[in-house]
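A, B, C and D label the chains in the order they appear, each numbered from 1.
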Amino acid sequence: MIRFNNDYNHGAFASILKELGATNSTSYAGYGEDEWCDKAETIIKKLVDNDDALIKFIPGATQANYVVIAAALSSVQSVIAADTGHINCHEAASIENTGHKILELPNTDGKITAQQIAACAKAYYDQDEPEYLTEPKMVYLSFPTEKGTLYSKKEIKEIHDVCTKYGMYLFVDGARMGYGLGSEKNDLTLKDFAELTDVFYIGGTKCGALFGEALIITAQDLKYRFKAYMKQNGAVLAKGWLMGLQFATMLESGEYFEAAKRADVLAMQIKKAFEDKGVPFAVESFTNQQFVILTEQQKQELAQKYYFEDEGDTQRFCTSWATTEDEVDMLVTDIEKL
Amino acid sequence: MIRFNNDYNHGAFASILKELGATNSTSYAGYGEDEWCDKAETIIKKLVDNDDALIKFIPGATQANYVVIAAALSSVQSVIAADTGHINCHEAASIENTGHKILELPNTDGKITAQQIAACAKAYYDQDEPEYLTEPKMVYLSFPTEKGTLYSKKEIKEIHDVCTKYGMYLFVDGARMGYGLGSEKNDLTLKDFAELTDVFYIGGTKCGALFGEALIITAQDLKYRFKAYMKQNGAVLAKGWLMGLQFATMLESGEYFEAAKRADVLAMQIKKAFEDKGVPFAVESFTNQQFVILTEQQKQELAQKYYFEDEGDTQRFCTSWATTEDEVDMLVTDIEKL
Amino acid sequence: MIRFNNDYNHGAFASILKELGATNSTSYAGYGEDEWCDKAETIIKKLVDNDDALIKFIPGATQANYVVIAAALSSVQSVIAADTGHINCHEAASIENTGHKILELPNTDGKITAQQIAACAKAYYDQDEPEYLTEPKMVYLSFPTEKGTLYSKKEIKEIHDVCTKYGMYLFVDGARMGYGLGSEKNDLTLKDFAELTDVFYIGGTKCGALFGEALIITAQDLKYRFKAYMKQNGAVLAKGWLMGLQFATMLESGEYFEAAKRADVLAMQIKKAFEDKGVPFAVESFTNQQFVILTEQQKQELAQKYYFEDEGDTQRFCTSWATTEDEVDMLVTDIEKL
Amino acid sequence: MIRFNNDYNHGAFASILKELGATNSTSYAGYGEDEWCDKAETIIKKLVDNDDALIKFIPGATQANYVVIAAALSSVQSVIAADTGHINCHEAASIENTGHKILELPNTDGKITAQQIAACAKAYYDQDEPEYLTEPKMVYLSFPTEKGTLYSKKEIKEIHDVCTKYGMYLFVDGARMGYGLGSEKNDLTLKDFAELTDVFYIGGTKCGALFGEALIITAQDLKYRFKAYMKQNGAVLAKGWLMGLQFATMLESGEYFEAAKRADVLAMQIKKAFEDKGVPFAVESFTNQQFVILTEQQKQELAQKYYFEDEGDTQRFCTSWATTEDEVDMLVTDIEKL
């Protein structure tokens, strides 16, 4: 069986394992205060062209999301997100568990617009004493979205402007950042994200690392005591260098970007195969996640050789940094036979 | 410089890295629903001689502690702990952050007694309507303690009996379980812990794994929806098999136990060296952590070649699964020269 | 200016003030452990025909709502409510502040159906390991709803059956209970609520008391340590007898029910006046709240003599236990002149 | 039986009930946006000589305490308090329930010193990266303390200076403010409290009101969205004018201050009687609470005619604004007969 069900079903780049082996008899300082984290920090600051950014490594994306949001918001503040946002659907109400309401906006293909966000903010900020409501203080976006779609630079700029107008933070969940940057339709860079958001992350877990997300915090007031929020939520790994090593290795060589781009290209081959076969799509995606609508028979046939995610009405096929051309060729051939 | 500052300054057993390499091109199901976690679960159930236990792997010890406590307690319930307990001093109030008061009891060499616990419980449970107080519903112990000391089987039994009497859960933080089990003074087994506690864990991070703690939950009502508590707190690793693989590898071979035992033996050599030198101890420990009281001059001399943890009045010297005989020989020689 | 803007703009029944005066030199035990609370409890137990119910008095409705929900739910459990539910719109995210997600269902005239609730519950309970979701464990309804509408006995029974099927609590917010019971369209009794719900309350603040809500808890496990949850959230009034006295006075005489019924009758006169004038309604209500859609000119004319709540698209006119026939006659005349 | 058990066992000043009667047919705006609250606000601003203070009325003292603390602290910040502080012993862990650790300092006669506070703050702020600890950001004091003792102006100034040095808020719980101000040993004024603290309150519940505490917030950043924190915690009373009316009435006439002072004078008579009898005191208090150590026989004799609070080792006798000279004469006579 070949797994197209998600992008976190393989270990890590061979280069990472090699480096782990090479350093296994070296001892390091704990809690991220080591040379590897320093090195990864330097590389990332250069990539985002921001020397003042606070760079922190967090083991998982759910943690990254709720720790950032909990650190940013007071208990009478809330976060605006698409109803399909990962924090709203897949994280067991971790945001509410920290005491914050998510103000859901209806998505279009996984995205929300500056207009929607502005309307939501305005409804609050234009009132005199809206004490029976919470203050929308942050906007959460995913790039790419949970539907595989992308925000354009223009869209992010517009959202950034709304956030600036109302004094709201902009937070971009980049769990699949590599696949977003690598898409043929993308026009955003890491530097853009550092300029247009207050905090975002470069996802490792789904893009070739064993685990780990690299947070880039540019907003000055979000940096204060941030590590204490991490510690309080168990997000400070004892052997922090394990994450520094991984990010330094895959970002310095560029393997992070190349492997994700290749996964996008492979996804486009799968996309074309489904299109040629006349299989309808739930949403048009130019990244590694493809959402199709199979017939019951098509599902059964493909399920004999492949794992994919069956969400009832829709089926997701996912490539990853580890997906091979052979695997995709085989799938394409089997789609053609449907 | 040689690190005796803590027991989490090296990577992992070579056997673990080897297995990671061997399986790196294999794909696995996510979130701990894989063959490695199944295997590790089977091994642990056998070690604790309890087929009904719920076994879960959690990336870090702070997470393990607060997720267990948050899952166990309602918001009007509290946890009894030594004032020196890790949850009370080193975890940035993670317990209070989940809404629970820690009822601190004064420690003796890092330990609390059944009598103290009984008095605390009685003060609450003997009242008619103690609605202005929280209900002590759990007892948290560390084995070994943060001072390197051990509870005896008799002591754990007595505490277990108090817990049973008042309907309180007994939770043992086993972040350093290996070093406890390996001590020449220990009379407890993993099976004993499974019988005498409601939940405890076998620490990986400090005992030879890259990261990870193996939770053993025996109390029936603590099992309910436990994975949702983990997910809500970001403690479900996407690539869960990484922890299953580590625990399966080091527990099956017995390397986990042997390496910790060796570290204890090496710590006893350091202990003897300090004793012979007439250096006073803050507490007598028979595990891998040794707490001594150095003079300013002694500190400076040892600090030239070794990292150790200077806590002001006390200095901690720690061996670990990765400490070598050569390193200890060198330290012993240098202690002799003081 | 005459206030039709809400139903909490006057003090209390004269009988209550009289009793306060008569007892002002009497001393009482604190925290609700007094003769007045005992008396009110006895009266309420008789009204709901349930001797085992736990009766508690809480100063305000927001408190009553979030204390009940916080006491009922673990942190991985959530509450189902209409998107228009008071807890979802008017209470500054007090539920999320206690750590719980509200699963909003789209309302029809302020109501949700057993079918909607069943679908929501089924989506969770039919899954094997829905650990990325929270467990819907309670259903919150308002009677009357925030739109002035009523659930019928049949509808409540159906919802009760869904709750029973999935092991969910049914909680009815009765902040305006009097106006619901007094409506010409109502077919439910307090006894029905005690039988068909797990917890509900008889609202005092909006129905003739200075303040206070009388909680009736019938579910056995919700009774445990309930007063501690109240205390922890500042909902145990030091001079608890003030609430016992109010409920005993207005419930024993029946004034609570009569005054609310009269307010409903007066609201029907306003309803008829708007209907006769051809003013459209946002929703058809048979209780003390009437939601109409006025033209800008109509708004301005009525605003010269009356306070009413302008919610943008809709205008709310509210009668209360304190509204007089003269006030309503005047308003009706002015509506006729529009 | 005569109650000396606490200071909240009677209704309210007759003047308050009279005003409630006089205004019962008047309608008011809700949620504290009314003429009575305006009036009380004006009176209080004059009393504290601070026009910019934010004045808010909160139904109860537990609410006042935890709402202020939750509004002031981020989740990685904590509050310093005496171990005997009301928030630490009598409020069911309401502070921890909002996510904050209380850093307890050992009390001397209910008080803590500037030196103790400075040491606690220094231990945190002098460290480089104390991310495993929470930031002490507020100091909580009670005036008078739970033991009836008073801070002097000099002591409050010293504590204020420590708070200023470390950027910590100073919060004074004034649930019994009247009895503090009225004591023969007091040298502090309301104006002093407004100058030397960031937030404090004038207690109503224990000093002659039916219920209610008047918060005075002088720190600019604590004012932001404060009413939303109140609403979120159910501390915005629908009929807010009830509190405005009470504070306006009793503060304008000065009855608040006179009655508390008289209670202190009566307490001094009880104090003298116990002293003359040779009954030992647990603590020397010059306010309305007296803590004595009775023999079992003395307890039994006095318990025949009086309620007092038996705390095991100590017995508390409390006068209040409602205590009469006759009641005290009778008690004094009975003490003499012991």
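As a convention for this text, contacts are C-beta pairs under 8 Å (C-beta built on N, C-alpha and C of every residue); 3 or more make two chains touch, one makes a residue touch a chain.
Note that this is a predicted model, so its numbers are computed, not measured.
Peer 1: Applying the touch definition from the top, give me the chains sitting in contact with each of chain A and chain B.
Peer 2: Common neighbours, chain A/chain B: C, D.
Peer 1: Just grab the chain with the largest centre-to-centre distance to chain C, centres being mean Cα coordinates.
Peer 2: B
Peer 1: Distance from the CA centroid of chain C to that of chain D, rounded to the nearest Å?
Peer 2: 33
Peer 1: Give, as an integer number of Å, the spacing between the C-alpha centres of chain C and chain B.
Peer 2: Chain centroid spacing, chain B to chain C, equals 50 Å.
Peer 1: State, to the nearest whole Å, the distance from the C-alpha centre of chain A to the C-alpha centre of chain C.
Peer 2: Roughly 43 Å, centre to centre.
Peer 1: Please output the residue numbers of chain D that touch at least 2 other chains, ranges allowed.
Peer 2: 75-76, 91-93, 97-99, 131-134, 228, 231-232, 236
Peer 1: Can you tell me which positions in chain B touch chain C when the two form their complex?
Peer 2: 33, 70-71, 74-76, 98-99, 129-135, 225, 227-232, 236
Peer 1: Hey, which residues of chain D end up touching chain B in the complex?
Peer 2: The touching residues are 75-76, 78, 89-93, 96-101, 131-134.
Peer 1: Could you pull out which chain C residues touch chain D in their complex?
Peer 2: Chain C reaches chain D through residues 2-3, 6, 8-12, 14, 17, 20-21, 23-30, 59-64, 66-67, 91-94, 97, 205-206, 210-211, 228, 231-239, 242, 322.
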